[in-house]
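Both complexes shown next keep chain A, but they swap its partner, so chain B is in the first and chain C is in the second.
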Partner chain A sequence: MLGPDALHVDLALRGIAKQFGATMVLQDIDLAIAPGEFISLVGPSGCGKSTLLRVIAGLEQPDRGSVSLAGRCIDEMAPSERDVAMVFQSYALYPHLSVAQNIALPLEMRQLRWWQRWPIARTLSGLVSRQAKAIRLQINADVRALAQTLQLDTLLHRKPMQLSGGQRQRVALARAMIRAPRVFLMDEPLSNLDARLRVHLRDELVQLHRRLRVTFVYVTHDQSEAMTMSDRIAVMDEGRILQFGTPKQLYSDPDNLQVARFIGSPTINTLCVEADASGNWQYFDTPLGAIPGRQQQPQPGERLTLAVRPEYLSVAVEPIVACDRQWPMQLHRIEHHGADDYVFLVDARAPGDTALIARLPAASSLERADPGTAVHVGFRWSDVMRFDAAGLRVREP
Partner chain B sequence: MMRRSAAPRQAPADWSADDTVTLYGHATSHAQVPSARAHWAGLVRLKRALILLAAHGALLAGAAVMLLPFVWMLVTSVRPANEIFRGSLLPWPEHFHGWGHYHEALAYVPLVRFMLNGVLVCSGILAVQLLVAIPASYALAKLRFGSERILFYLVLAALCVPIQVTALPLYLGLAQVGGLNTYFAMMLPFFLSVFAIFLLRQSLKTFPDDILQAARLDGMSEFEILWRIVVPSARSSIAAFAVFSLVAHWNDLYWPMIVISDTQLAPPPLGMMFFATAETGSDYGALMAGATVLTLPLVLIFLMARRRFIQGLTM
Partner chain C sequence: MNATQNDAHCRQGAPSVATAAKRAGTRDAKRTPGTRGGLRRREHWTGFSLCLPAWVLLCALYLAPIIVLALLSVTDYEMGAVRWKVVGLDNYRRAFSDPVFRRSLANTLLYMVLVVPLSVAGGLFIALLVHARGVSRAFYEVIYFLPVTATLVAMATVWQFLLHPTLGPFNHLLDLAGLGRHNFLNQPGLMLPTLAAIGIWQLLGFNMILFLSRLSQIPQSLYDAAAIDGASHAIDRFLCVTVPLLGPTLLFVIVTSSITAFKIFDTVAVLTQGRHGSEVLLYDIYLEGFTYSRTGYAAALTVIFLALILLLSVWQTRQLDKKVHYA
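Now for the complex of A and B:
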């Protein structure tokens, strides 16, 4: 895995900004991507991730900022000159061309002159120019070889209409791969596929990345896709990058509450706590005392958000021994996920508002408990992340 | 046979037991009659058959009205002259006149010449119309250059201008440059078809943008994208427009009558008119024979392009 400190930057974005009408779609995006890295851009829909990808491809012009690839500024280059290939969510295959023609087209565009590319020239080329014919034969051989590695060799004569979703996706990949580009851009390439195929192709994409060793920029709204495939992830919202880091960093050390909430499934638990008049933290009527490691005394009325991943919450019917703080809650529902159970908890003092989820190994003592059972919920301070009222992480020792 | 005879024997027990009939809100007395359901189902089937019959009857009547002039034309063209004015609507002539009128028509009148003129003018018009309208409609549908909306409104406005409005200035202009009595004069007003631009823009609008962007990434120029990627997908709409255009200009009498006085250049309807007044006066049999020959190509073209034509209009 190439970390952020493999500071040989391949693709660099500096100060990218873009406005559609009155809405700022991208606001000062800076991003430095190392060669061969698998980068994901994730975020809710409308966060600007697809637009950013199109800016890299050259399909959208940014209002400000610049893009450079391998140290060269590519702002002025046409999309086709940028040495990037893109895979679209809708696959964007040419509907009336066969699979083979679809895959061959990027090569034809690069290697043949315009008059050699016209369909009539295809039949005449052998008579007119030996060279054109040789190029065509070479292209055909390349297409066939690539089709074989992607298991498309039996489908070469079909039209896109006659293929399944997964097959179309592989053709789109082949069309991108045949040019051997420096950067692959992928715009939600798996989101039109069914769940099982998606997991399968996820694996194929990772294998492909390992084999090609080129830079991938992958856009998705599915955090689990980003988490499982990427070297680093940029979480975006409202046209900004909230945090850029490895999946592990984003999960266990998020910079702000939005990232903490977006990454991880089930969603992270948040507890809103308030300092009382004597400067002690309160969670409803549960006194939490002082937060260990926090030096300054809280102001009365000060608010904090505590966040705990579901797997770090302890839940039990009897009082819990191995935790720092605990309080009573009610069992709402248990979801069985095989190895894990998701335990949904509600607080009788403020129903709805404070639903928590705990993730317990299956066959815990709660397995058979009825809804409504009174339980104890607890955490350790070392597993708790703190965020201030603006949602920024509080990291002081 | 076995199954059919077995069913009624079991049926009454089943039917009296269930009361689905009452679901339709009918009197419960029906429910007690064993064959109530069969009766009801029969009524439904009858009603459906009547509706179908009525619908098909109306459509057939419409079709008959549309076809009658053609039938009249065909029948008249094979009728002896004395039968034509007897006003008989009998579909078939009492005395079959055979190909006589056709012989006359072909002998007196250069029908082939008229048709050739028609083919030349129509294909010339269609070719230039498509060459202009396809890029224009692509630009209006897919390119963003700031004024595409205004230009589209202009296209819509131009749809409302009939040929009669521009006829006089065009005629004067052509007369000035000595362009009357040429094929070019017959084609000129129709080279730019706003109808084609409108129709094709609507159909190109539905073409996915992702494919255009993929093509741009693959290195295609806008013109190549248009002719190699977009046009093959818009074949249906282009075919639909082609049928419209060919029919309209094959049958056009108004404009050729203004700019053409030379019989040698006349397209079919104008030729027929010359023919009707000069040579045959009141020989309606021959006239109809000529008309039949001249209509034939259009009918053939339409039949060949029928599927695409309907696809292109119902997208």
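Now for the complex of A and C:
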């Protein structure tokens, strides 16, 4: 999944901290990104992911820490000098310029002098300076070529107002791509689109990344977007990176409960268990016995959170054979998702809220069960992750 | 600006009324075949009679006065006169050979040339400064908007005091600086620039508020995008984002400032009484119509005045409309 350059670092953040008023938006962020990697920053809104992206772009100055790109410190550079391009959630297209002019702007700003850029000067300098004219022709050719690859060639003369959301997003991408930057920064570029288009453009972005082989830093609040597209994901909360790893690591081996809860849909099941006076774990009044492999005898009153992914819960009307622990629950309702059914379970002892969700293959024996049916729910210890009271993963054998 | 919005509104409104009428028509036609033509005619008259009150008012309040004005302008009618006759275009011929009228026209245009660019550019500049303020923004908005809310006639007395040749602090300062005392409201060469300065002072706040309301609608992400795309200097970003997006407001401000400047009257009436060197169109019309009671002649001047304003506005709108992007 990682390219051959994975050992090198392309974009490095060291000790980035940023404060807005009294709130710490970023707290000592360290991140090392390999060249050509597709990185996602995910987290709930307000976790600092967009601010971090803006720090990389140079639109925001961090209070502390430094950013380096290709081994060079870029802290002192203006956004335009950093060799990064950015795609915004609102696309940020210039409404008064046509699609072609929007795409050409980054090149014009760089290659033409200010007096060669303005409309009147445009015609004049074309007459006076052959060089300006040649540059302009080259830019036009570049724009047309890029527009063709992004299927924008029929829209070049339209204004952004006349485009659909998906088309605008493509224009924004083209504007970012035109000067072949070293790093692409994307701030929730798909969140303003409808669900179908989002899935389609997700695929287009992955293809694009594969073709360009440059570094992508992608900000999203949608974990499924991050999971499906990224090489590695940094899960953020309250200005910190909770965990940075591959989608697979985050899903099956999260470092803490927040990551476990944030990644995966439906959300991971959590069971709060407490040790009784004799040192046995209890889930409500279901005795769970000792946790296998755990050497330490629990203190009475000690609490743990057990977490099980929905697909590892077994549910059946009859007692379950292939599981380590089981207990009775009530069927609340079943959601049909085609290949899978999501089974929502409530505990008869704490009715009202959905306690657990199990994900079963469709056509299970429960398919036609009525709400309120008494069922057995069970898990295997090998599928259970443990977290301490602070939400940190307990990995001791 | 308002007119174009109304137009757009009408254009949107019209088809829906038409389709509603058509729908009603087909429904009725199904029920009673054969009377469709009659129904349509009846609807036609209903619509017409519903419009009638508005039309009557429009004619009585807007069109009739202008027609009366145009008719008066071809007569030698004087206020209260018993006998009068039609003189054709004599009043107009007289106007263009009248040195006072010609001076008023030239002075009014000069006043406009001084006031419009400075009040528009100044208003934009102040708007940019005020926009960048945080908490103190409201304070500055009020300060600059004060002259707009204050009556110019009342404020003119303050100016008269400030600029007074012997009592005024302004002349005192000039004197201290060794520049000598000047009678700003009496010296022919100084009167018009002084009036223009007061005119700019009064317009700045109004223009600033208009610019401010638009400035706060420009999304920050556009400035961010421009910064990344290579507009590294603030002036680059101003030309790349602010000016194009201010387009419609800029057009509106230029047209309204021009009309306001063209209509200069109150400062002239209060401060200089149209002394030589400060004659302006509206004051000339006022003198002819009300002081000398030459109603016919004043009507002709008014027609010229209205025609000029109309021409000016249409020309400006046409010229600038081509360069403006409406978002």
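Keep in mind that, in the parts below, the second predicted complex is superposed on the first by the 391 of 397 C-alpha atoms of A that agree within 3 Å, B and C clash if a C-alpha of one lies under 4 Å from a C-alpha of the other, contacts with A are read in each partner's own complex, and residues count from 1 in each chain.
Here, a residue touches a chain if its C-beta (ideal position, glycine included) is under 8 Å from a C-beta of that chain, and two chains touch if they have at least 3 such contacts.
Note that the coordinates shown come from a computational prediction; the quantities given were computed from them, not determined experimentally.
Visitor: For the overlay on chain A, clash or fit between chain B and chain C?
Guide: clash
Visitor: Considering only touches as defined above, state whether A:Met161 meets chain B (first), chain C (second), both or neither.
Guide: The second partner, chain C, only.
Visitor: For A:Arg110, decide between first (touching chain B), second (touching chain C), both and neither.
Guide: Both partners, chain B and chain C.
Visitor: For A:Ala92, select first, second, both or neither according to whether it touches chain B, chain C, the two together, or no partner.
Guide: So A:Ala92 meets both chain B and chain C here.
Visitor: Looking at the overlay, does A:Glu335 come into contact with chain B only (first), chain C only (second), both, or neither?
Guide: A:Glu335: touches no partner chain.
Visitor: Classify the contacts of A:Leu59 with the two partner chains as first (chain B alone), second (chain C alone), both, or neither.
Guide: After superposing on A, A:Leu59 lies in contact with both chain B and chain C.
Visitor: Quick check for you: in the superposed arrangement, does A:Asp194 touch first (chain B), second (chain C), both or neither?
Guide: Neither partner.
Visitor: Check the residue A:Ser80 against both partner chains and state whether it touches chain B (first), chain C (second), both, or neither.
Guide: In the superposition, A:Ser80 touches chain B and chain C alike.
Visitor: According to the stated criteria, A:Asp203 is in contact with first (chain B), second (chain C), both, or neither; which is it?
Guide: After superposing on A, A:Asp203 lies clear of both chain B and chain C.
Visitor: State which residues of chain A lie in both footprints, the one left by chain B and the one left by chain C.
Guide: Correct list for chain A: 54, 57, 59, 78-80, 84-86, 88-90, 92-96, 105-106, 109-110, 114, 175.
Visitor: Over in the complex, which chain C residues touch chain A? Could you list them?
Guide: 219, 221-222, 224-232, 236, 239-241, 244-245, 247, 325, 327
Visitor: Could you list, by residue number, the parts of chain A that touch chain C in their complex?
Guide: Touch residues, chain A against chain C: 54, 57-59, 78-81, 84-86, 88-90, 92-97, 105-106, 109-110, 114, 118, 159, 161, 175.
Visitor: Going by the contact rule at the top, pick out the chain B residues touching chain A in the complex.
Guide: Those in contact with chain A are residues 208, 210-211, 213-220, 224, 228-229, 232-233.
Visitor: Touching residues of chain A toward chain B in the complex: what are they?
Guide: Within the complex, chain A contacts chain B at residues 54, 57, 59, 78-80, 84-86, 88-96, 105-106, 109-110, 114, 117, 119, 175.
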